[in-house]
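These are the structures, in structure tokens.
Shared chain: subunit A. Partners: subunit B in the first complex, subunit C in the second.
Let's look at the complex of A and B:
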């Protein structure tokens, strides 16, 4: 994403040379060079000029993040360039304007560079006819099985047929049939009849992922997309091909026949599976999450996300979610209670704890706001704190070795040691020696960190907030049911120090409530902090208190996030 | 505004002439042809094109025509229709149709018999039939499930049978023949 390594020394602001073109009669100034699919400067194309002019040019094979193929012919436009006289000087009209010689042939807007004073026409009868013709060709062998096609509703073939196509088909012959329901790999289903041979999937996996696994075989009407024989198409980015497929040829197995897309409400959110923090949209209906799709953010993930992150949503809707406020009876056994009673009891317990006798294990899966409140609590209690690291394998594209979505946030708040988890042995030692009498755990299973259940049973108080049951939640004295990120709002700071916010897609289950609300009340009781007036106010207060967030406000984050001001030391 | 009330005339005060006038009308109707229908025993002839309750149909081969495209669920103004799509598990019984509703419910208490579902259906799988008098002992009973809707809907003679036709064409072209669609 960054141009720091490969860019020439003078790359600072790229060449600002610009030229004027007319799109449908309206003159606009475009740069001579525009970023191509890799972000490198390349001559500005007609389609880029049209986009800058706010004119839609329909296209299938063109994708701003993929190399240009120019095979669908949907973006054909007519154009003209200044006519030159025998002296190679532009000929002028009687009124002094440039005489434009209209090109006898159309050009594909995706691959034709603009030239000075070029005129592009996208609404002429000729262009209209060409679009109709291209669509007619594309629909010749298209099965028109929209009722059983998962792409229906977000299908470019449907959309363009309505907008630019003919009302009725003239095709009376038998269609060419191709393989359907082809098992392309572990996560994809291919329907070759629906494929319009735009080759977006082939280019994506070859040029972006570097796994040259897909290709066309046969010729003419029998031209068919297939994968390399004997090898399933199973890299970690395959589902992006289903996103960029303009038709329903490539569809996700996970989302197959689950819900029609027009029922889904799309909520901007973030991926929590690693520290990259890919932007995504949660598709949900009636408090059930059906899918994640990547959301474009040039500074983070481009247009893509990995399959592992995309399919990691099932736990949000798990039936065994923690949904009750629970307290342990002095005589043993659970007592289901309510939030006011539980929070009063926890506040009292923590207020009584002697300084230095509290340990706090936070989770780097929590939001910045929650970690901020936890750090305020930790300061008040004089607690030993840390978060739990989740190392993994990084890859060449998006996946980060840090599998926590907010390790940077945890470190910026001063809750986590550097490296993450360095304090955990000290906490364990404190628990063993009996110095630590109260343990506060947010979103982690401490039994997996070497804390024996017997050790927890010996403590004065074990205060646990979590989403899913674990051995730790079973042993808690006070259990505060929390929310998944999809059920609340907040911000994460990714490994590169970009603060991004996510929105609430579904309602929390049962009595579960966002941790930041719980923590606000605890912080009010213990530290005398006021009410922040919602997540916006809490974020803004945090930005005032934490130097790294200087100058940021909730509204300044926007959809794409903002970078932290201070450089964050990279984790060893 | 005060409307002054006219005092009754002598004729009006006599009272009996007005009663007689009323009896005359009653007697005239007494000998006319009856228009009242003895409803539960006697039934009205439902005209063609009447919009009664929507039911699902099977085609002449017994195939459930609905493919759970959920357009009716989308268009339904009172949100009476609720479809559960089949999910990703392959269903070998459905052949090249690929997709059948796992569950299809119409809440007949909500249905307003507008006929949008029939109009929007791309598969000719739901029709407004002639039933207009639906009753039940509970609200739950008025939510008709897939089996009940199919049983009530019966068979629709499909002239095209497009899925069968497609499977035949594909088989003729040597593309792995999908098993003939069955219910």
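Let's look at the complex of A and C:
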């Protein structure tokens, strides 16, 4: 995986100084300064200008989010600048245009700033020859083991060789041999023979993660990527190196040999492992998830995600997923039922509950839409509500201390206390005192919160929706099987108040169905709410009802999400 | 009669001349420094005043001094590029990494007259308002490092270095840093990386021009040992007088290292452009001619990375007369004046001033194989064309020198080499490794083709397969 389109210089306000350059004969205006890898303004480079002109410059070592290294030389272009006379004034052609002096030397587009009236040439025979030369050099010592390489299909060496390379290599010598299948750390395998020494992985690890763990040893063509001696390569971001490795040198142990990438369907989704809400793509085939890879979102995660979040998908496919609608017999024991019967029973049960006798414990892993519907139900029932906090440790990069993906949503809907869980003792007290007779639990194991099984057994009704079995689901009177986020659509609001949507990648298991659908029916029965016309309509209705969402619509969220209009005070 | 002109090496080889401060002082040592710091500010016709430091910079500019490290770039101009407005300190580094094969001049200065280098450095630092400087010395010269450290200690003791140099209020510290044995540490930005404690990976330019973003991202001057020594003489005699030495645009003196098949290999200091290649090789004052019965085959004029000259080559070269008019002259190889511009015009360069002479007993293929092996071993491996190309060429030449040649190998080598230089690489090592191959193969093509043909015929006779099924030369991992 290698997502590395050059950051096109953003069209700034008109006050931004700009200059005109020509790319392959086409004049274009670019700002003098464009964001560098850290987003700081820096002189616009040739590669950024080319990108803005819609001209792709092939590159290996350049990555818009990493410091420039300039080592692969794939991006070499030819260029010219206005010719100056002895008086240092530009010389004009007979037709009054600027005379351009072509530079005798090429320049690397990734590092060379543009200057006014510069002309960049990317299609000249000289450029073609330089690209062929670089590719030939990169391939002479490459093992060419594409048939068994995980990168095949998303390999820049394959791609560029087809697009810019020569048909045959002239190489008649023996290849350099280097270590293969190096166990670099707990999550990565390195094949040094495939490495093209672009140093992306080194720069990412050193300059983004701040862990100077990778480096080259030896010299010249024997240069070899390795990790710090005696210390496995192990930080929470190592797998990003496999993403940015332009070839198959770094591969994820988790994904190795699992699936050819061209068979994978990619679905835009979100990580649910913490409140940052890193954007990702789910790679799936035939309703099985094979991998998560980060999806670029400047406002959230850049191009990266943490290893823990990335590898946290196995539960979706667990065999013991809850897949049946169940009701408890009055005399004990389970009865498998169907949705109409289950929802009718739950609706009736809740309709009978006396005001003030219901408590609702929601999960901040549920979507905004689900939490919205729950809050409507809670209002109707006069229920005590809260959600369950998941505190963890934040790091310096992406991981945040809030391990729920949607605490903000839960708070904005008025379902959860601030801080999350502050109401839980009151709910517990109500349960113990007998005041609370009906408990609704969505996606949490309340026995872990100190609600003893005996207490649950005493209640009139325990209505539970969940994905995986827990002591609470075992004690439920009504069990509503729910969906993993990968099986439904919806939105989360991250800790910074960014509302982001995710799409459905795989089908739900068995009878499990998206909670927002279940809740829509319960809300229709209990609150008289109408049909929303799918998730889009539900989101739009929520945005009309909840002030913080004012002005947002499902379609306005786009791929990158949108910020809540009201600032959300952070949790202490 | 051509003769040496010893300016920098004036005393170095005198009997009894020792590398200590006391001896240096007896020979008028540090007189140039004392003279410079005593200068008064000068008022120009336009009313501006020039600080003494600026005056010395002006003298260096006027002297026409060109760098002796390899590129021959104007020293005064280099100094003028230094970003003096950045608010950051300016550093100076003496490049004493001398590793270009064939070159052995800087070490003469370091070993025999270290204080001359220090005086040149102190002057250069003072002129550029530098307060911290380094001598980056090649790792394989521990004796030189020791001598320099001794000299530094002596200079500090004598108030020539440290706080308040010679009572002027100017502070300067100089440290010796030893390299760890890599040719690429001589490339100025590789050197800076190495000095900062990293692999000597040369930096990309732009943006990392040393004059702006050098050592620790501060403006930095990197000069060769010999260049810095010349500054001392310019301070002493004045830029104009120095410019009278040598020839126009090729001023001063240069120490030429002569090695190879000559009777008197060694180092010789000459006025730039006042002696010819032929004189350097043949004259009894210099190389002293070839051994009996030998004929000249080839000369590398500027260290192993310079393009080779073939005996008998003739060149048409534009030369500027005293009146400034350009005339086209035809010159024989041996009549080429040994200077910067002529050798460039003749398609090579004077580089580090190292003349490598090869007579007709030389196996030219083996000679190139030897050079290619060096560059394959020394390429830092950072950028693709040089990293892969240098080893590819060395492997092809290993094959050609081990009986596995092919008739197409000359062309094959040329094609590899053509994809490396001309700005395709991060640093000039790309040129350094490809120029020898390009020039050897072009000028001695018959030697390469003959070797390939002979190998093919011998293999055919022995019943080995066609040239495409080669038994490949083993590639030892370095």
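Note that in this section the second predicted complex is superposed on the first by the 557 of 572 C-alpha atoms of A that agree within 3 Å, B and C clash if a C-alpha of one lies under 4 Å from a C-alpha of the other, contacts with A are read in each partner's own complex, and residues count from 1 in each chain.
In the analysis below, a residue touches a chain if its C-beta (ideal position, glycine included) is under 8 Å from a C-beta of that chain, and two chains touch if they have at least 3 such contacts.
These figures come from a predicted structure and were not determined experimentally.
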- request: Check whether A:221 is in contact with subunit B, with subunit C, with both or with neither, and answer first, second, both or neither.
  value: second
Query: Now for A:210: first (subunit B), second (subunit C), both, or neither, which partner does it touch?
result: neither
Message: With both complexes superposed on chain A, which partner does A:533 reach: first (subunit B), second (subunit C), both or neither?
response: neither
Query: What is the contact status of A:148 with respect to subunit B (first) and subunit C (second): first, second, both, or neither?
result: first
Touched subunit A residues, subunit B compared with subunit C: C
Message: Taking the superposition on A as described, I'd like to know which of subunit B and subunit C A:181 touches: first, second, both or neither.
response: first
Field: First, second, both or neither for A:391, with subunit B first and subunit C second
entry: neither
Query: Now for A:116: first (subunit B), second (subunit C), both, or neither, which partner does it touch?
result: neither
- prompt: Looking at the overlay, what does A:257 touch: subunit B (first), subunit C (second), both, or neither?
  reply: first
- request: Figure out whether A:171 sits in contact with subunit B (first) or subunit C (second), or with both, or with neither.
  value: second
Task: Across the two complexes, find the residues of subunit A that touch subunit B and also touch subunit C.
output: 174, 176-177
Task: Please give the residue numbers of subunit A that touch subunit B in the complex, ascending.
output: 143, 146-148, 152, 174-181, 253-260, 262-263
Query: What does subunit B use to touch subunit A in their complex?
result: 67-71, 73-74, 85-88, 90, 96-99, 122-123, 166, 169-170, 173, 175-176, 178
Query: Mind pulling up the subunit C residues that touch subunit A in the complex?
result: 182, 199, 204, 206-207, 376-385, 387-392, 395-396, 399, 406, 412, 415-416, 419, 422-426, 468, 470, 472-475, 477-478
Message: Help me check something: in the complex, which residues belonging to subunit A touch subunit C?
response: 68-74, 76, 104-108, 111-113, 129-130, 133-134, 136-138, 140-141, 170-174, 176-177, 196-197, 215-216, 218-223
